[in-house]
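Have a look at this one.
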Amino acid sequence: MQLGVVGLGRMGRIVAERVMDAGHDVVAFDVDETAVAAAADAGATPAASLAALADELGEDKRIWLMVPAGDIVDATLSELEPHLTSDDVVVDGGNSHFEDSVRRAESTPAAYLDCGTSGGPAGADLGFSLMVGGPEWAYEELTPVFDAVATGPDGHDRMGPAGSGHYVKMVHNGVEYALMQTYGEGFDLLANGRYDLDLEAVARTWNNGAVIRSWLLELCEEAFREEGSDLGTVADRIEGGSTGTWTVQEALEQEVAMPLVYAALAERFGSRADDGRFSRRLANRLRYGFGRHEVVREE
Amino acid sequence: MQLGVVGLGRMGRIVAERVMDAGHDVVAFDVDETAVAAAADAGATPAASLAALADELGEDKRIWLMVPAGDIVDATLSELEPHLTSDDVVVDGGNSHFEDSVRRAESTPAAYLDCGTSGGPAGADLGFSLMVGGPEWAYEELTPVFDAVATGPDGHDRMGPAGSGHYVKMVHNGVEYALMQTYGEGFDLLANGRYDLDLEAVARTWNNGAVIRSWLLELCEEAFREEGSDLGTVADRIEGGSTGTWTVQEALEQEVAMPLVYAALAERFGSRADDGRFSRRLANRLRYGFGRHEVVREE
Amino acid sequence: MQLGVVGLGRMGRIVAERVMDAGHDVVAFDVDETAVAAAADAGATPAASLAALADELGEDKRIWLMVPAGDIVDATLSELEPHLTSDDVVVDGGNSHFEDSVRRAESTPAAYLDCGTSGGPAGADLGFSLMVGGPEWAYEELTPVFDAVATGPDGHDRMGPAGSGHYVKMVHNGVEYALMQTYGEGFDLLANGRYDLDLEAVARTWNNGAVIRSWLLELCEEAFREEGSDLGTVADRIEGGSTGTWTVQEALEQEVAMPLVYAALAERFGSRADDGRFSRRLANRLRYGFGRHEVVREE
Amino acid sequence: MQLGVVGLGRMGRIVAERVMDAGHDVVAFDVDETAVAAAADAGATPAASLAALADELGEDKRIWLMVPAGDIVDATLSELEPHLTSDDVVVDGGNSHFEDSVRRAESTPAAYLDCGTSGGPAGADLGFSLMVGGPEWAYEELTPVFDAVATGPDGHDRMGPAGSGHYVKMVHNGVEYALMQTYGEGFDLLANGRYDLDLEAVARTWNNGAVIRSWLLELCEEAFREEGSDLGTVADRIEGGSTGTWTVQEALEQEVAMPLVYAALAERFGSRADDGRFSRRLANRLRYGFGRHEVVREE
């Protein structure tokens, strides 16, 4: 099978390599020529442009986009559009908003698969979890590719029609925020509690048989091994947040209560309020208002 | 009526003055002689010791304790104990834990009234809200004093038996934390939202007829008038927290869910985590673990 | 001054009456002829249509819309549009989304004031709190009307440009949800705690001098007086939620953490999950999964 | 090595069997004679009483208690006490509160190891995660037994001095509550969202390579396989909660904010409020108070 891979950043490169490792051919394009050259070294057919890539793929094109979510997906699709027919299949493996994916599925001449991809760079060895939305025939058609990119046949599935792949991935990420923050709260209490504990040892012991064992807990273990039980210089600041925000927004639409996921997202916002949280500053001042408790001031 | 007032700090002084203003006599004691002298200047009979105060009060003593909650209440009671009989009444007007009040009610020879006092220093002019627990006859007996100290007859009531006054005050304070934080959140969004707003004007407009008008909102208005719409140097750090903690502890005992009150208390803890919240630091590090997102570091 | 009032429901009627009580003239229109007749009985000039109302108002029209938020505002504006010039002023006193108000301010030929109105039917006697957005000249022009409809000169203010009135009202409502839920949590603990309490008496005592006194707490007092300390047949189901949802959505946009306001909104969603919360059902089942704890089943 | 096992319920039986499978001898006692007979059938030496068990073990006794937390632990220890010396080692493998373990470690003549045990009945095959507190020599001495009961050498570790094992287990359980509720929220949105999804397939896909894969997520997969994507008759009611309550109580003591863990615990309380949450009932009523919104009533 021949697959066009567009976008050869960290994740795109892994996709290309896993597909080639499984014995398929890859035609590779990126706006960065060095990335294309590297892919060629690894065995891919280099393409100098999207048009060249389309040309190389011939009929029944199968193209995997692994470009940053947002305008770049639209720009890429619009450049590909003249070359696409309804026999072609385009996979968007990035973190697009599901409503964008629904829109793109409607406007793209090719069959369109939105593919939520989870596993991070570690997926280079282990393979990814792929949540796919879109037409059944296109999903079937791409199965050999999904088998290669995923951890195996159980690592990918068709969730439903257009948008459902990115929808499930969005919720996955909301859950991810709350799981991280939950482990964080547990270790916070252990770090600030009654005992002087080796948190790597705690995490390792938990990872071997405890109910709460998980991959994220393995990453906690690794973090304590590398940073120490006090996490060294790691700052109280959590970047990112778009997919978690989308999750909460969708939950508002659906009137589903998600207090834990929201709390995790709010911690991110709070961690980035560099001049202090206004809400708490006002509460500080109000304690003076009613009780004449001294106002704590910035020096 | 003659009332012994023990403890002449900010709140005790107000109690003594309001009682005298209502035409009653006050015998005043404090470990600080200057405070006793000041009370004498204001018209009270000074007492050089608790024994002297008891002696001065004669039979059917009525004594109001306005000393810091905790060991000082016990020390005062134990020093008073030899002078007390079951015809006497002791009022604890401080922020004692209700279980301490139940215990003290059982061990004190006198009738014991636990009296939650709300209103802060502003109560000097307006009078306080008094939530009283203990024997009905003792509450009736002290009614003239409560009328004087409270905003009036509606500003005090007997909640129930021993401990109930401080129990209701404890819950009052838990509610207070969450109300403050709630107004804080609203003004946080207004301060960081789409419009450049005069927050004093917002608070004033709300205080004149809006559903959310309240005394705390009047204090917000005052805060913005005095500090400006940006709250100037007011820091993101909220001190205090014992009565709110008690409220959440009791809610855990009773299996009553209090997510908002807990959230407000957690904001206090969070605001005082000077080296950063460990939970968020770990979440920051985990983003590197699974996604190779750059770890934000302290410089 | 002459004011056209469009929409004579509960709130519109109050606006018309307060304006007439202040000595101004009202031209009244509603799609419901009975409502128009009632307004005429109360002294207003009846209008048989929007065109008739516009005609009656002549030049320099001042029109107050008090119609349900959403499409009806747009429909009314579009029917009024041919009659409006830049010398006219239209006030939207309903609960419109601030973005709709910005849009309408741009597209309406007249000056447009978005006016958040708080106070509920009780405002008939007390007057309302009015948060106004839009051009300064139009706000000044309408001041006599705002004086009449509000609690007085302090009960209204211009928050800023178009949309700011409804923006501040949106945040007001988010705060309102959390204040209600906070009082609810406090009384929940009192109702399920260690003492058998008269909750009306608690609320009354608090309302007389306590830090947490407020209008909402007066409404709690009234609720316990009318329903009893156990709230009788009042159900665990909270309707409504649009303005609170908007508040949280805007806070997500602005990356402002509002855990209490969110929690209050989530309680509404949770109270309406008639077949149970799926999240809790899964947690119930997972306890069997890892610990063989018996699954609780619906009968 | 010879180990006395006291308590032959589900978990105690697994401990005895795993220890025997590893080639050690077990002396077994339970108040239920049938349980003792069953253990004897499986190869253990039966004991008719705690005294008999102590007698059988001779010098340097090693005893594993697997009895319900609370008074039964104390009763067992007090009955064993006359037979214990400082050369003996007692392990408490149950869910005791860490403060009880500290107290017992001080009062028991033998060395005392508090051992948090996680993994549930599934540990019969896989082994458990064991978090051990107490004297180092005793932990070393029992290592062969811990190797057998745990998943292996990495499945147990000495956390620190007395109480630390149960302390870490307590926090483990608080984390567990929040992880379960977090997965619950994610699947809640998927179950009530825009797509008709096969939740078993979602969970399976996630478990194969996604960031949020975990044992609890495998149990979600199993739950959806066995109950269906709608969870069938599984009720919205979560029993249990003592260790989670302890976690939050300890976090209050340590002033560590745990909003997610608290939220998960609050969901349990909320799920068991059979007559409705009072907080929400009051909010429902207040909407009538200020806005004359119809009160929702129980029929």
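Labels A, B, C and D are assigned to the chains in the order they are written; within every chain, residues are numbered from 1.
What we mean here is this: a residue touches a chain if its C-beta (ideal position, glycine included) is under 8 Å from a C-beta of that chain, and two chains touch if they have at least 3 such contacts.
Predicted model only: the values in this text are computed from it and were never measured.
*Asks:* Can we say the copies subunit B and subunit D touch using the same residue numbers, with more than half in common, or are the two sides different?
*Replies:* same
*Asks:* Please pick, from B-C, A-C or A-B, the pair whose interface repeats that of C-D, with more than half of the contact pairs identical by residue number.
*Replies:* The same interface as C-D is formed by A-B.
*Asks:* When A-B is set beside A-D, which has more C-beta pairs in contact?
*Replies:* Counting C-beta pairs in contact, A-D comes out ahead.
*Asks:* For subunit A and subunit D, let me know how many angstrom lie between their CA-based centres, rounded off.
*Replies:* So the centre of subunit A lies 33 Å away from the centre of subunit D.
*Asks:* What whole-Å value do you get for the distance between subunit B and subunit D if each is reduced to the mean of its CA atoms?
*Replies:* Each chain reduced to its C-alpha mean, subunit B and subunit D end up 40 Å apart.
*Asks:* What is the distance, in whole Å, between the centres of subunit A and subunit B, each centre taken as the mean of its C-alpha atoms?
*Replies:* Using C-alpha averages as centres, the distance is 48 Å.
*Asks:* Can you list the residues of subunit B that touch 2 or more other chains?
*Replies:* Within subunit B, the residues that touch at least two other chains are 119-120, 181, 183, 185, 188, 192, 211, 215-216, 256-259, 263-264, 267, 270, 273, 277-279, 290-291.
*Asks:* Would you tell me which residues of subunit A are touching subunit D in their complex?
*Replies:* Contact set of subunit A toward subunit D: 98, 118-120, 123, 126-131, 133, 150-152, 154-157, 159-161, 163-164, 167-168, 171-172, 174-176, 178-179, 181-183, 185-186, 188-190, 192-197, 201-202, 204-217, 247, 250-251, 254, 256-261, 263-264, 267.
*Asks:* Considering only the defined contacts, which subunit A positions touch subunit B in the complex?
*Replies:* 10, 119-122, 177, 180-181, 183-185, 187-188, 191-192, 215-216, 219-220, 222-223, 227, 231, 233-240, 259, 264, 267-268, 270-271, 273, 275-287, 289-293, 295-298
*Asks:* Which positions of subunit D touch subunit B when the two form their complex?
*Replies:* Listed in rising order, the residues are 211, 241, 245, 248-249, 252, 255-259, 262-263, 265-267, 269-270, 272-273, 277-279, 290-291.
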